[in-house]
Amino acid sequence: MDSNRFIIAAHCVNRPGIVSAVSTAIFGLGCNILDSQQFDDTESGRFFVRMVFNHDTVTLDEVRAVLEPVMSELDMEWTLRDREHRRKVLLLASRFDHCLGDLLYRWRSGDLEMDVVGIISNYPRDTYKQITMGDIPFHHLPITKETKPQQEQQITDLIEETGAELVVLARYMQILSDQMSRSLSGKCINIHHSFLPGFKGARPYHQAHERGVKLIGATAHFVTGDLDEGPIIEQDVERISHRDTPEGLVRKGRDIERRVLARAVRYYLQDRVFMNGNKTVVFPE
Amino acid sequence: MDSNRFIIAAHCVNRPGIVSAVSTAIFGLGCNILDSQQFDDTESGRFFVRMVFNHDTVTLDEVRAVLEPVMSELDMEWTLRDREHRRKVLLLASRFDHCLGDLLYRWRSGDLEMDVVGIISNYPRDTYKQITMGDIPFHHLPITKETKPQQEQQITDLIEETGAELVVLARYMQILSDQMSRSLSGKCINIHHSFLPGFKGARPYHQAHERGVKLIGATAHFVTGDLDEGPIIEQDVERISHRDTPEGLVRKGRDIERRVLARAVRYYLQDRVFMNGNKTVVFPE
Amino acid sequence: MDSNRFIIAAHCVNRPGIVSAVSTAIFGLGCNILDSQQFDDTESGRFFVRMVFNHDTVTLDEVRAVLEPVMSELDMEWTLRDREHRRKVLLLASRFDHCLGDLLYRWRSGDLEMDVVGIISNYPRDTYKQITMGDIPFHHLPITKETKPQQEQQITDLIEETGAELVVLARYMQILSDQMSRSLSGKCINIHHSFLPGFKGARPYHQAHERGVKLIGATAHFVTGDLDEGPIIEQDVERISHRDTPEGLVRKGRDIERRVLARAVRYYLQDRVFMNGNKTVVFPE
Amino acid sequence: MDSNRFIIAAHCVNRPGIVSAVSTAIFGLGCNILDSQQFDDTESGRFFVRMVFNHDTVTLDEVRAVLEPVMSELDMEWTLRDREHRRKVLLLASRFDHCLGDLLYRWRSGDLEMDVVGIISNYPRDTYKQITMGDIPFHHLPITKETKPQQEQQITDLIEETGAELVVLARYMQILSDQMSRSLSGKCINIHHSFLPGFKGARPYHQAHERGVKLIGATAHFVTGDLDEGPIIEQDVERISHRDTPEGLVRKGRDIERRVLARAVRYYLQDRVFMNGNKTVVFPE
């Protein structure tokens, strides 16, 4: 309980001996591995691993010093984190407040272990009167077709200033530019209000109603240059019937969006999510 | 228990007084309404109703005689059925036998109250060695690009000869011609191995694997001229992960296909399903 | 859209002619039935019906005047409500705020059409700093073993003063006395943090962890004198694994409790819920 | 694909260095770890691990020879299996054939990689006319209160003769004696037709109907001396409503039982299931 607890999330080209090398280094430090999951993607030839381990006295820097040569030898891309270190997160929203409100609720209740370093919206602060923001910095950054580049620059500046490690589009109804999407690759999660790849584009609940599907869903995905095509992190659905109006679907959808986005963010904050080409690897809780 | 039990399934342009007119006619016969569900589609302006009622002595013909003028006055399209009358069903299959086997199992166990009047396949009978067909007539109707019109004519003839009221494509891997699809409109249910409208076309599980979705599904729909676009009757999904291979998805998918198709057929056999433009109304059990 | 819309919820001993009598009376008023569901419980011999109907000009009083003799003749217990009339609801909470916060969120967003006439807690107001209560009256009613009768009397007085039609125990961690439970019969909904009848009593998530179940759930039920035995309105579950700690179950459980309680309250507010002995009839949306 | 593939399933008292020791031994053999999952139960102090690894030429005996001293040093209880080795399974059934039929279907279709070495029933063979048993040995072992010890001895003899590694009670409606249960500990899976711990004992669907629950379920568990209290391997549920009769629940339950039992057996056959006191550890697919 009171010991130092560390999380490694790493991936590299697969080859024999990786688990042995890493676990032996950790054992050499006198650490105990509490949890370990790995995945060997025979298609992409890549290897993914997440390990949680602890020690009473060894520090993060000592762990890093020992692991660096091992990981370098394996040509690993890796992160090492003290479990107590909370990632800095920036939340972006627009008119709808249900995802924003839910993320803040879960942050306060301890479900989401993160530091919310700011909220950005293209709507003014009083849009969110019902939500308790406390003293989280709020940035109203209005946007028009003409001012889009400048507005995105403001966002980029805020990411830099705050040191945000994750950007969450909590029903932020603006499409990021290609350049911005690429610069945020692997660090920006969006919630799309349909069960992708069905119903891309605008007004997906109206499309779903029109098509007469019997389940609706939501999809949390990494933002990439390809709109609605980013690697999927989490999805869920709910049953509907012929009685549901488009407005009823929007209402039911809010619940799905809230929980799908919250789960995706949670997995990310726990270093469970890896990009793997246009797909993801997500180690279960 | 021992009384006569009748089911009305009817639809017409909505207008006030329909429920009153029908229920009063049924009451006039001395019948007791056991179950009644209705739906008033404000978009299409159509009204749908299903009623189950019983009587100790009144016969189907007597009920029909009393209802005919009422229904005619309302300009209803309607069916009236004695609950004991089992619908005649023709099953079509190809190489995969899981849906066929499951439907036959459910028929024998009493889950599906129908008369299976025949099984048609473009594969020979010994493809289905593992399945107990009993004395259900089996028709091997091979098909090539050239013989498609003739083969479809053979199917049409069999439908006529057997008096089949429903045709079920239980993973029948041939695309029906436009003409045949239209002639079977509202009487032919197909199972598609994806959560439509995602992954239309061939090899949907491979498409799903490629896209990296986190849930896969299956869709039972009425067959129409528009391939993969028929009115959806039932859908379901199951959770998958990055560990699942395309073959694993196919395996998991078999379970979803079996239960989705069985539910759709069951709803149909109980007169719960109505076409409503390119959508359906399905009254729940 | 702009017409008057009415909802009847009624039940009586079953006998032929009920639907006919009620629908004919409604038709006689020139109203159009939009939705109608009924259930004939062959075990209890009781009949349940919910009808939604509208008219451009007819008023609630006019509808009531016409229906009264019909319903009286049928010996119906019934309610008639203008759809615009929002039911008055009193919320009770204790230390945990997730259900309370969620109900208030859904009330503000329009999911739950009700008038929240007050919040009662045995904890002081600043327990709920994170929740936007606006100007809803808050009543801090502390309770000890000795003061329980007085505290319950205060609650009873508040119900009377506010005219509350529904009392929601939103994780209110006090057991109501037998007398109070009985006086609130059919008007008080509780959320129990387990999938009843499993894990009655205290600390159900710890019990679930101890037993090693693979799904946990929550149950919304009417409060009766029999603790944990009231008629069940709604239940749901979520998958867990051997990795989940009791604390993890509590966290996952919060999500289930929120949505199960919200659904039960929503169904109630829409007159979809009937007590039927120690069970319920819930007409689906 | 054509390489030798091995699976280790092992558990021991937790201590640092286990993963390092095992993975280093495997690496020393020149093998590649394809999949590895572990769980460190901080409550019981036990460590569980499952590893899949392969090699082009190394044989099972060579692997065993190298691992034996390592595992012995760690005081491991462990199994090592060539993935091609199919476990021998004995199926027990009574009057209901849906689970038996489903397991045999999945065995033939390749879902369940096992050798079915026999079917035992207290009902005669012609009970299962609808099921394709092929040439699997069928043993009719009738049972009365008086002959129970002898009948169980016959079962025990068959387990020994066939070398069965797993016994599946596929709705076998006899309660095994304490002695037999204990002797099969960890090797015998039962399907109980309720969502345990709710509705223990007889006629659980009737109990569920009586209680008015909104979901019903099934539970696959290891058989122990404690009836209905064995470690749970898998559970699932399905939504029901007030319309469902007890017979309807039995019908819906059959589907849940089939898939829950099939999943539990599948997990077992893949060495994913460990007993952990009165609970289980199940590594996900």
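Per-chain numbering from 1; labels A, B, C and D assigned in written order.
To be clear about the criterion, a contact is a pair of C-beta atoms (placed from the backbone, for glycine too) under 8 Å apart; a residue touches a chain by one contact, two chains touch by 3 or more.
This is a predicted model, so every value here is computed, not measured.
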{"item": "Most widely separated chain from chain D, with each centre as the mean of CA atoms", "value": "C"}
{"item": "Proportion of interface numbers common to chain A and chain D (over half same, under half different)", "value": "same"}
{"item": "Chain centre separation (chain A, chain C; CA means) in Å", "value": "36"}
{"item": "Distance between chain centroids, defined by C-alpha means - chain C, chain D (Å)", "value": "42"}
{"item": "Contacts with two or more other chains, residues of chain D listed in rising order", "value": "35, 39, 241, 243, 284"}
{"item": "Contact footprint of chain A on chain D as seen in their complex", "value": "14-20, 23-24, 26-27, 30-40, 42, 284"}
{"item": "Partner chain D, residues of chain B touching it in the complex", "value": "35, 98, 101, 105, 108-111, 129-132, 241, 243-244, 248, 251, 254-255, 259, 284-285"}
{"item": "Of all residues in chain C, those that touch chain D in their complex", "value": "39, 41, 195-199, 211-215, 217, 231-237, 241-243, 276, 278-282, 284"}
